[in-house]
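Presented below are the structures under discussion, each in the form of C-alpha cells.
Consider the two complexes below, in which subunit A is the common component and subunit B and subunit C are the respective partners.
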Partner chain A sequence: MFLDTMFLLSALATLGGALMVVMSKNLMHACMYLLLSLFGVAGLYATLGADFLAATQLVVYAGGVVILMLFAIMLTGGVEEFVNKFGINKIPSMGTTKTYTIGAIVSLIFSFVILKTLSPLFKNYSQADLPPMESTVEDIGVLLVTDHALAFEISSVLLLGALIGAAVISRPRKINGGSK
Partner chain B sequence: MNDTIVSYLAQAPGYSLAVSKISEILGFDATGLVTFLVFGIAVFIVVNVMALVGGLGTYAERKISADIQMRQGPNRVGPYGLLQFLADGVKMITKEDVTPRDADKTLFFVAPLLALVGVFMSLAVIPFSSGFTLTSLNIGVFYLLGVSSLVGVAIFVGGYASNSKWSMLGGMRGASQIISYEVPVTLSILAVVLMAGGLSFGTITEAQGGLPHQWFILHNPFSFIAFFVLFVGALAEANRAPFDLPEAESELVSGYHTEFTGMRFAFFALAEYIEVFVLCGVCAALFLGGYNVPFGLGSGDFIIKNFPAVHPMIAKQIGNVLQLKVFVLKTLALYYVVIWIRWTLPRLRVDHLMTLCWKYMTPIAIFNLVGIAIWIYAFEGKSMLTLMASALSAMAGSGGGH
Partner chain C sequence: MISLSSYLIVSFALFLCGIVVIIARKNIIAMLLGMELILNAGALNFAAYTRFVNQNLDGHVMSLFIIIIAAAEAAVGLAIVIRFFQIKESIHIDDAVELQS
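Now for the complex of A and B:
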C-alpha cells in the first residue's frame, strides 16, 4: 500500500509538473514546475528500488541543472510575461492546425515504437514475485568499471571537453595585445 | 531493507506484542499502520527538537558573539536571556506580512518553504545514535547532498522573487557559491566513502571507533586535510561567515531575504541555523567518530560484562542514550566553532571566494582523494597510528634481540 501511495504521488508530481511546465506563461515558474517534475521522477526511481539513481537524480537535476537553468533564464532576460494587461498573448502562438496535426502524428508514432520496445517488460507482477529491495550501489559501481567502462570514459571525456570549453570562452581576452 | 528506527524498536519483545494487540482490536494487520505511526512520532520529535535547536542557535550566536566582543548579550527574557528566541518568535509572528507589489507572488510564497523543506529532508539520515536514526539509507550521504542542494534553489528563487536589486545579487551569489563549494565538499566526502567502503552513515560511523585515534580525521595525513576542506566547504554551503556573501549586510542590506518579513524571514533564518547543525553533524559523523562511545559503552557490552544484574536490553538503551549524547556533543562543539569563526574572521570578497574554491580547495580535495586511494591500496586500509604502533613494536622486538 505504501509503494502504491508513493507511486501515485510521484506520478502525479511528474505528470502534473510536466504539464504545468508546458502550460505556464512565466519561464521562471515553468522552471520551478520542472523541479517538481524531476522530483517526481526521483520518487518513481525510488519506488522501483533504484535508490542510487533516485539520489543521483536529486543531486544532478535539483542541485545543478535547475539552478543553472534559473541562471540562464535570468541572465538572458526571458522572464517577462508573454501576456499584456488584458490577458492577450503579445506573441502569436505557434500552434496552428498544421503544427498540431504533425505533433500528434509524431507523438503517436513515437509512443508505438516505445511501447513495442518495452512490451516484454509489461507483465503483471504480483507483489510476491518481485525480488526484495537491495542496494544497487555496488552493482552500479562494478558495472560502470567493467561492462560499461567505454561509455563511462567517453562521457568523462565529453565533460572534460565541456569544462575546458567553458574555461576558454569565459577567459578574459586581451584587447589589441595591450593592457586592459 | 535498511536499518530504520522501526527495525530498531522491533527488536524489543514488546513491539510485536503491541502490534498483534492492535491488530486484534482493529481487525486487520496493523504492521504497516504501526510503522507509519512510529515514523510519524519520530519525525515529529526530530523536527521539533531541530526547530528548538535552530531557535537556540540564534540565542547561542548572540550570546557567543557578545562574549567575544565583551558585551552582555540578551539577558532580559528568562534566566540568562534563554527565552529570547521565544520572544523573537512571537515578534516574528505578530509582524505584518508584507509582499512587495512587484514581487513574483507564487515564488515569494514558495521560497521560504523550499528552504525549510530542503533542510528537514536532510534530517532523515542524520545518525543521532545507532538506534535513533530515522532511516539509515544505503545511499545516506549521497541523499543528503541531493536534498541539501534544494536550499540553494530556495535562496536563488527567494532572491529573484523579491524583485529587488539587493535580493537579486544576494540570491545569485548564494546559488553560485553553493554550486561551487559542492565540488570540494563532495570530493572530501568521497574520500571518507573510500575509507569506510559504504555510503550509509551507519557504515561510515561503524568503521570508526570511540577514541580519537580511531576517528577518520586521524586515519592518515590526507584525511586530516580532507576534514578541514569539508568543514570550510560546509561553512560556505550554509552561507556562514566568512562566506556569508549572500547576506553581506554592508553591501546588500540583508541579501536574499531583504524583502521577507515576519515568519517568512524566520523560515529562512531557521533553515540556516538548522542547516548549520546538520552540516556540523555530518562533519562529526564522517570524521569525528559520530556516535561512537569508547570502551564498548555505546553498544552496551561494557555494562553487560560488568553489571550482569542489568538486563541486556536496558544496557543497550543506556548505550543508545550515551551515543546520542556523544553525537550531539560533538555536533554542538563544531557549532560553537562555526559561530566563533563568524565573529573572528572578516568576510571574503566575491572573487576571492571563487578563487579559494576553484584554485585551492578543489585541487586540494582531488589530491586528498587520490592520496587516500593510494594509502588504502598501499597499507590495506590500516590507519597511520596502527602502522606506527606496529613499527614501534617491531623496533622494540628487534632492539630486544641485541
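Now for the complex of A and C:
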C-alpha cells in the first residue's frame, strides 16, 4: 500500500540520518545527515495525516535551523588544538571509541529504564476504526486562538526574547576603548 | 500493518541516537544537533498518539510548540556558541570550565 511504503521510506530516512549523525566524523556531513533525518520526520508526519505539522517541520527546520547550524559551523571553524592549557591531551572533538562506549552504555541504561517503566502503560490500539485523513489546518488555527491562546501568546514572547537575546549575546564587544 | 508501536519504535530509536550524540561528542554544535534529534522524537510521539488514540488535535498543537521551542533554543544556543568561540577560540566542551573551580 502507498501509506506503508511512505512509512518505510520515511522511517529509513529518519533512522539512517540519525545513525549517520552519530557515526559521521565530519561536522558538516553530520549537519547534512541531520537534514535528511528531519526530512524523514516530516514524511512520518505526512503519513500520520498531520499535513500542517509536516509543512511546518520543513519550513522551520530545513529553512531555518539547519541553515543556522551551517552558518555557525562555518563561523566557528579553525585549527583544533589537541592539548589544553594544563598540557593534558584533549579528547578529539568528534569523539573517540571510549566516549562512544560510554554513550552506548548510557543509552542501554536509558532504554532499559524506559521500557521497564513505560511498557505497562502501553496499549496497542486497533487499526480498524481510524478515521480518514483530512486537512487539519483550519482546526489547528481555531485551536491556537481558542484553547491554546495563552500558550500561543507566550510562545510569541519567547520568540521575541530569543531574537533579542541572540542579537545581544553574539554582538561583538570591544574590550578597551570601545563602546563597552 | 503500521500501527502505533512502529511509530513509537522509530521515535525511541531517534531519542537514543540523540542521547549517544550528546554524550559521545565533545563539540558544542554537534551536541546541539543531538538535542534537535531528541526534540523531534518527542514531537513525533505527540503526533502519533493524536492519530491512533484520540483524534482531537491538541497533540498537533503541542508538536507545533515543540518545533517553536526548538527554533528558539537553536538560535540562542548558536549565539552562545559563537560568543564562546570569540572568547576562547575553541568550541570544545572541555574548554568551558570557568564555573568549575
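Please note the rule applied: the second predicted complex is superposed on the first by the 114 of 180 C-alpha atoms of A that agree within 3 Å, B and C clash if a C-alpha of one lies under 4 Å from a C-alpha of the other, contacts with A are read in each partner's own complex, and residues count from 1 in each chain.
One rule holds in what follows: a residue touches a chain if its C-beta (ideal position, glycine included) is under 8 Å from a C-beta of that chain, and two chains touch if they have at least 3 such contacts.
None of the values given here were measured: they were computed from a predicted structure.
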For this session: Would you sort A:Ser111 into first (subunit B), second (subunit C), both or neither based on which partner it touches?
Result: second
For this session: Quick one: classify A:Val137 as touching subunit B (first), subunit C (second), both or neither.
Result: first
Exercise. First (subunit B), second (subunit C), both or neither: which does A:Gly103 touch?
Worked result: second
Exercise. Is A:Gly64 in contact with subunit B, with subunit C, with both, or with neither (first, second, both, neither)?
Worked result: both
Exercise. Which of the two partners, first being subunit B and second being subunit C, lies in contact with A:Thr56: first, second, both, or neither?
Worked result: both
Exercise. Between subunit B (first) and subunit C (second), which, if any, makes contact with A:Phe7: first, second, both or neither?
Worked result: second
Exercise. So, A:Ala30: does it touch subunit B (first), subunit C (second), both, or neither?
Worked result: second
For this session: Name the contact category of A:Ser170: first (subunit B only), second (subunit C only), both, or neither.
Result: second
Problem set entry | Touched partner set for A:Ala72, first subunit B, second subunit C, both or neither | second
Exercise. More subunit A residues touched by subunit B or by subunit C?
Worked result: C
For this session: Enumerate the residues of subunit A that count as touching subunit B in its complex and touching subunit C in the other.
Result: 1, 52, 56-57, 64, 68, 71
Exercise. Considering the complex alone, what residue numbers of subunit A touch subunit B?
Worked result: 1-2, 26, 28-29, 32, 35, 51-52, 55-59, 62-64, 66-68, 70-71, 74, 132-133, 135, 137
Problem set entry | Footprint of subunit A on subunit B - complex, ascending | 1-2, 32, 36, 104, 106-107, 110, 137-139, 142-143, 145-147, 149-150, 152-153, 156-157, 160, 172, 175-176, 178-179, 182, 199
Problem set entry | subunit C contact footprint on subunit A (complex, rising order) | 1, 3-4, 7, 11, 14-15, 18-19, 21-22, 27, 30-31, 34, 37-38, 41, 44-45, 47-50, 52-53, 56-57, 60-61, 64-65, 68-69, 71-73, 75-76, 78, 80-81, 84, 90-95, 99-100, 102-104, 106-107, 110-111, 114, 122, 124-125, 127, 130-131, 136, 139-140, 143-144, 147-148, 151, 155, 158-159, 161-163, 165-167, 169-170, 172
For this session: Mind listing the subunit C positions that touch subunit A in their complex?
Result: 1-8, 10, 12-14, 16-27, 29-30, 32-34, 36-37, 40, 43-44, 47-48, 50-53, 55, 57-58, 60-61, 63-65, 67-76, 78-83, 85-86, 89-92, 94-95
